[in-house]
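Same chain, two partners: chain A is paired with chain B first, then with chain C.
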Partner chain A sequence: MSEVKTTPPPPPAAPPVPKEKVKFLWNDKEIEAKPGSNLLKAALDNKIEVAHYCYHPGLSIAGVCRMCMVEQEGVPRPFPACNAVVTEGIKVRNDTAQIKAAVEWTLQLHLVNHPLDCPICDQAGECGLQDYYMKHGVYDSSMIDKKVHKDKVQDIGRNVMLDAERCILCSRCVRFTDEVTVTHEMGIVNRGDHSEITTNDSLKNYYAQNLVDICPVGALTSKDFRFKQRVWFLDDVDTTCIGCETGCSVKVSFNKNDAYRVKPVFDAAVNGYWMCDDGRSVYKHVGRADRLVTFMENRTGLFLPAIEKEVVGKLKEKKKNFILSTDLTNEEYAAFFSRLKGESVNVALYSLPEHKLEDGRDFDGLLRRSNKNANLKGAEAAFKKAGFDASEAALQTLVNNLKADDAIFIVMPEVVYNEDHLETLVKKVKNAGSKVALTSNEAFYFMKDFDYLLPLPTFLEKTGTMLNFKGLERKLNRAKNTWGEASKTVASYAELMFGE
Partner chain B sequence: MKADYDNYTLLSYHHIPDVHRLDVFESAGGYEMMKQFVGTDPDKIKEEVKASGLRGRGGAGFPAGVKWGFFSKDRLAKKYLLCNADESEPGTFKDRYLVETCPHILIEGMVITAWALGTQRGYIYIRGEYYHQALVLEAAIKEAYAKGYLGKNILGKGFDFDLAVHRGAGAYICGEETGMISSLEGKKGQPKLKPPFPAIKGYRGLPTMVNNVETLAAVPWILRKGAGAYKAWGTEKSPGMKLFSISGDVNKPGVIEVPLSIPLNDIIEKHCGGMRNGKKLKAVIPGGSSAPVLTADEVLTTKMDYEDVAAKGSMLGSGAIIVLDETRDMGQVLKWTLEFYHHESCGQCTPCREGTGWLEKILKRGEAGHGKIEDIQLLDTVAANMRGRTICALADAAAMPAQGMVKKFRKELEDYIVRG
Partner chain C sequence: MLLNKDLYKHHGYLKGLYLALKITIITMFKNILGLEKRMTLNYPEEKYFYSDRFKGKHVLTLKEDGSLRCTSCMLCATACPADCIHIIAADHEDKEVEKAPVAFEIELLRCVFCGMCEEACPVDAIRLTNEYTMSGFAERDWLIGIPELSQRSTLNNGKGIISTVDDHDRLKIKL
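Our next item is the complex of A and B:
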């Protein structure tokens, strides 16, 4: 493993090509693309469906699945489109009888040793083999011989499960660990139809779940997701990961009120095709059983549901202090501060402490960052605009000046990396007469001295924007789930407290 | 003893005792061409080889001079010359005989080629099973270094060329030039996607010329006697002399050097002493195990040159002639062949990875008594659908003998598959 580099390369960028475009014909359809760009990508970008397994725009070309074969006028033999480049005026076809037969047969050969265990496979419903079979196959298999059997249930680490039998050896996973994480953890051993993918030890990189995404079949599945849901029951919502300041574009899959998985969405500006493993679990609090969904009051150590009017009535006359978290949307900050106009109130910002990466760095060169505040930039801007101080010193001043007739409202961070740090803050507000926690998460043990717990929506239940580490606007979209009273935002609570 | 340049090109030295020794080789006339041509105009050497029409002797038969023409013209750029001595096609053992008896003919050819192409470093990739031959080559290279024929400033002409032997680990696919390059790079021996071709981007991503042992060893003779003399043998499209390795049911199997276009029947009857034990000829596999089989009738009319063998639906390949007599079961011949290709498929491209195993299973199922008459058609269809759809030619190498056997010996195959 002497080749392991300490700094992985930046997210894949398109090779520099001249700006002007060329035109070429794909099945008589005129397509424009940059000269020298990948022929298969040009077709896919123009919404032409071309069967392929091994090609992935974020990885190098392997050319091994042999599915994207095309014919070109003036070229004697068919060739894979993934290994060709676009030049002016070429005439390419993949709808001839010869190519259709080639695709159908190559697909049949892909399935010769495939176990066809779709009923128990998590990939079913979004599997390349199933999709292409319905489109290009639909034959009765001529294979009646005994299939080659390989190891089915292999835990290869980092929540990734390997079923070597289902693997079609497209080598995407091997190329991912070679080229993106540069950890060289996956490889193909043995020859011929005994070839199988394997790891030298177990996966140790922090991007391993991407292997599950790029696997076109059910060979690599996520331990977190498998056997939980059938994918055809899931709806996706495109949103932004709130796991750290990078702000990767993601889609969260949910069914009814529960979220089940997070997958990256291609975004050239931020995350390319990938996301980190930490971000895969940001959905976990959304559907958890002990999530706070109603107003709760502390009755001598026991939290019981409370009536909104009574809670508001008890808090209204007190002097109010707010500590906001850094994972609210820009719109929430704006609405909150606009409601405060003319009121006498203290507001401070609690930002999550730096969470150093395993090797002590702040940034691993790819996506992971030690600053876990999803919208710190947006919060600071909103504080500044409203004339409040977002600094750590201001937070300490607010905490130190709390008195017995004060009410303190703490907006709990959605994703908590360091509970001890949060607990330290919580302990410091003991002087306040009324302590209120606003949370979209569970009730942490250190909240036991609080007087009231009020529910907040999670990032999946709001539409809005955030600013990531470089000040780029990231969009959050609302999923179609509801969590009772948890629809009240921070601004709604401000309205309740200061309204008539 | 002097070399016999009039009747042989590659085997001109092989009758001389101890010709593996540099002094014996040199006194017989060896290294003369190297001394004469290293330092002269490289283009003239390339033109001479191109004019000779010498075709790559590894199996594909691509004209060597044309291949050299694709190579980087920048003499100062770092480039490699690789000699393919992997010789893994079953039935082929010509390179083995060539280098174990006379290793210096290859070294001389490589030094001249290196000078012509401007490569500074060369490797002889020899198959792992050729342990003895690798030792012979290494000893010869050591002698050549001591004499100043290899290394820095060869013959005082300011030309550097280093040569080393690299042993393979026993994979058939490492005889494919890009598979060989992968293996040499220390990777798994898997062919690389083309384009780019090795002449542009090969070993370690640098321009690399890969030639077969026989091709490189022919260069000194072509320079000695001229392209015209070389073309006097063979046909317009298949000029020159060729080594054939003959195995199977003949009285005198072995390696011979004869002009191309020699009748196949002459090779069997004249050079190999006829069929063994007076048995009747049944079939011949003319170009290594991947070549489709020829029937006894076809053998009588076949001339051993690239175009005539191709016209008969087979190929000259590496010149490995496997002779089968009437006692041979063609089903079994095909089974062993397919078993070999299944075992050797690198597993990269789907059609080959899955197809080679499937073909073998169909035959073995038949052998076990579970065959059906439709299996013959299935065999043909699967084989047809493996061809031309993979990175390298291994899928074709497995499919061609299967299709050839179905075409030429269908009846016998039916007996084998259906009746076990």
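Our next item is the complex of A and C:
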């Protein structure tokens, strides 16, 4: 038998190198995007306005709102863009008469049972329904049936208010609790036009305020912000949260002199689209009525406004010791230490104690961390550069060596999680002759032992950088308004004490 | 026109004076005897009433149950060019109402009586009345709150003005 001649199989063709970017046409406009990426996201990233409710870049695709319908050349029927991918050379349109009619009718169906109570709804002004109604709305309703009424004003826990009537069932909140927090608290129950979102018991996760942000209509609103302001009065300032070492990018909303809310800003490197509930209240001390805004002197238990010159004159002769907090900016540390050069002075760093999460962990896998020092990395670097010791031991030595002719300046942390821990520090410095607290917060009860209270600006009143837990530089932006007379930083106090 | 220059031209000074005084005296007697309507009025005792379209002192209308119609949506405060409307909103115990003002203040000295608030209001809660007499010494007299705005004595003897644009009616209107 002769051997069967087998021809060797042809070498496999080299797989096509995936292209970095492909081009396609959206309404005749050429767009570049990664092949296989989301079609709707590619359009939105290129500043094309496409109506959508259920699509959120941080969540999975649901395709339930049917607002982002598009037509593609060679595809027989319209389809939602959020559930399609980008491929090379496709020709997509959403400006044809067919698509416009589809969006109009979809919007009308969304509004069939919507109560239209915009005057009392907190979402008015940033509401998806309002925005698209102005663009795609059919102004005359063709319904003769009465609207289906559902339960209003439900407090579902964690400062979230639910109004089931306003909901358009986009299921963003359901997907958020399923995918991001994995707590599965929200769900859609019942059928047809009686469908509504509800919770199994009440919200228990620590990211619940994100539900308010992602809700495209006014169904989920914040209890904290409820009825305080209309959103069109507010101006946003992008800054960084100082609640913990994560350093999420946030925007703070202002009206005139007051801050009203904190919302996350997308930052791929740190927080993505979310932020935790603790960070939402980080602005609260800024506009407080009892916030320190003038120099105060302790006159046998009663704190009275003092004159700057007199206070400086009394403290100037004494030997100075400083305890800094960990939430100052890198620039403030640098300016402070550069002013201290050549002076005999002791400096230590008070870092906030670990504040364990509810389940005893240090990090919950998403954003919350037990280390609440906003700029510990930056402070340590600044101390090292200036030749000071930032360790806990150095703080203890400084406190133990205080004498009667010493003056101690303590920079109070801006956000205090553990008052007892701070109180023990304050009690330990009793030996010092003059005790001075520099605070941007309210006066705590244990500050009655201090001789002087001096104001500092808060994180919303200064521009600078901080280093978060990864060592990433985070930027603080000064809001356009400041509060009271608290404009002196630690560096300007050092200048007052050591200057002419 | 009593001061007619032609009168002097045609008749000379003295005769002109005589003719003018004649008209004055005749009108005086007519007024005294009540034969002609007087052009003036005895102001504080008698008052002139403007039509309801006059833009005078503000009023907050009431619902049939006597509560404020205002939902504190702040559209009037947004539309106000003088920035004189200050509203503090709060939760209402009735879930159907949901939102109501706890404070509604208008700075009358700042107000320019343009009527934009009236036009902006979606629920007919604020109106400008034909009341034009306003007086006061201290600045606080000019900062008027909810009781003064809704139930002052000049509005149906303190009962206030009830707006007919009711919640039920609103649903009937074809938007």
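Note that in this section the second predicted complex is superposed on the first by the 479 of 500 C-alpha atoms of A that agree within 3 Å, B and C clash if a C-alpha of one lies under 4 Å from a C-alpha of the other, contacts with A are read in each partner's own complex, and residues count from 1 in each chain.
Just so we're on the same page, a residue touches a chain if its C-beta (ideal position, glycine included) is under 8 Å from a C-beta of that chain, and two chains touch if they have at least 3 such contacts.
Quick caveat: nothing in here was measured; it's all calculated off a predicted structure.
Novice: Do chain B and chain C fit side by side on chain A in the superposed arrangement, or is it a clash?
Specialist: They fit side by side.
Novice: Let me test your reading of the model: by the given contact rule, A:119 touches which partner, first (chain B), second (chain C), both or neither?
Specialist: second
Novice: By the touch definition at the top of the document, which applies to A:230: first (chain B), second (chain C), both, or neither?
Specialist: second
Novice: Touch test for A:194: chain B only (first), chain C only (second), both, or neither?
Specialist: first
Novice: One more residue to check, A:69. First (chain B), second (chain C), both or neither?
Specialist: first
Novice: Between chain B and chain C, whom does A:445 touch in the aligned arrangement: first, second, both, or neither?
Specialist: It touches nothing on chain B or chain C.
Novice: Between chain B and chain C, which one contacts more residues of chain A in the superposed model?
Specialist: Larger number of chain A residues touched: B.
Novice: Looking at the overlay, does A:152 come into contact with chain B only (first), chain C only (second), both, or neither?
Specialist: Only chain C; A:152 stays clear of chain B.
Novice: Could you state the shortest Cα distance, in Å, between chain B and chain C after the structures are superposed?
Specialist: Minimum C-alpha separation, chain B to chain C: 13 Å.
Novice: Applying the document's contact rule, which stretches of chain A touch chain B when the two form their complex?
Specialist: For this pair, the touching residues of chain A are 61-66, 69, 77-78, 83, 101-102, 105-106, 108-110, 112-113, 142-143, 145-146, 148, 168-169, 188, 190-195.
Novice: For the complex, which residues does chain A have touching chain C?
Specialist: 116-120, 124, 139-141, 152-153, 226-228, 230, 232-233
Novice: Within their complex, state which residues of chain C touch chain A.
Specialist: Going by the criterion above, the answer is residues 71-75, 78, 89-91, 95-96, 98-99, 122-123, 174-175.
Novice: Along chain B, where are the residues that touch chain A in the complex?
Specialist: Going through chain B, the ones touching chain A are 171, 188, 193, 195, 342-351, 353-358, 361-362, 365, 378, 381-382, 385-386, 388-391.
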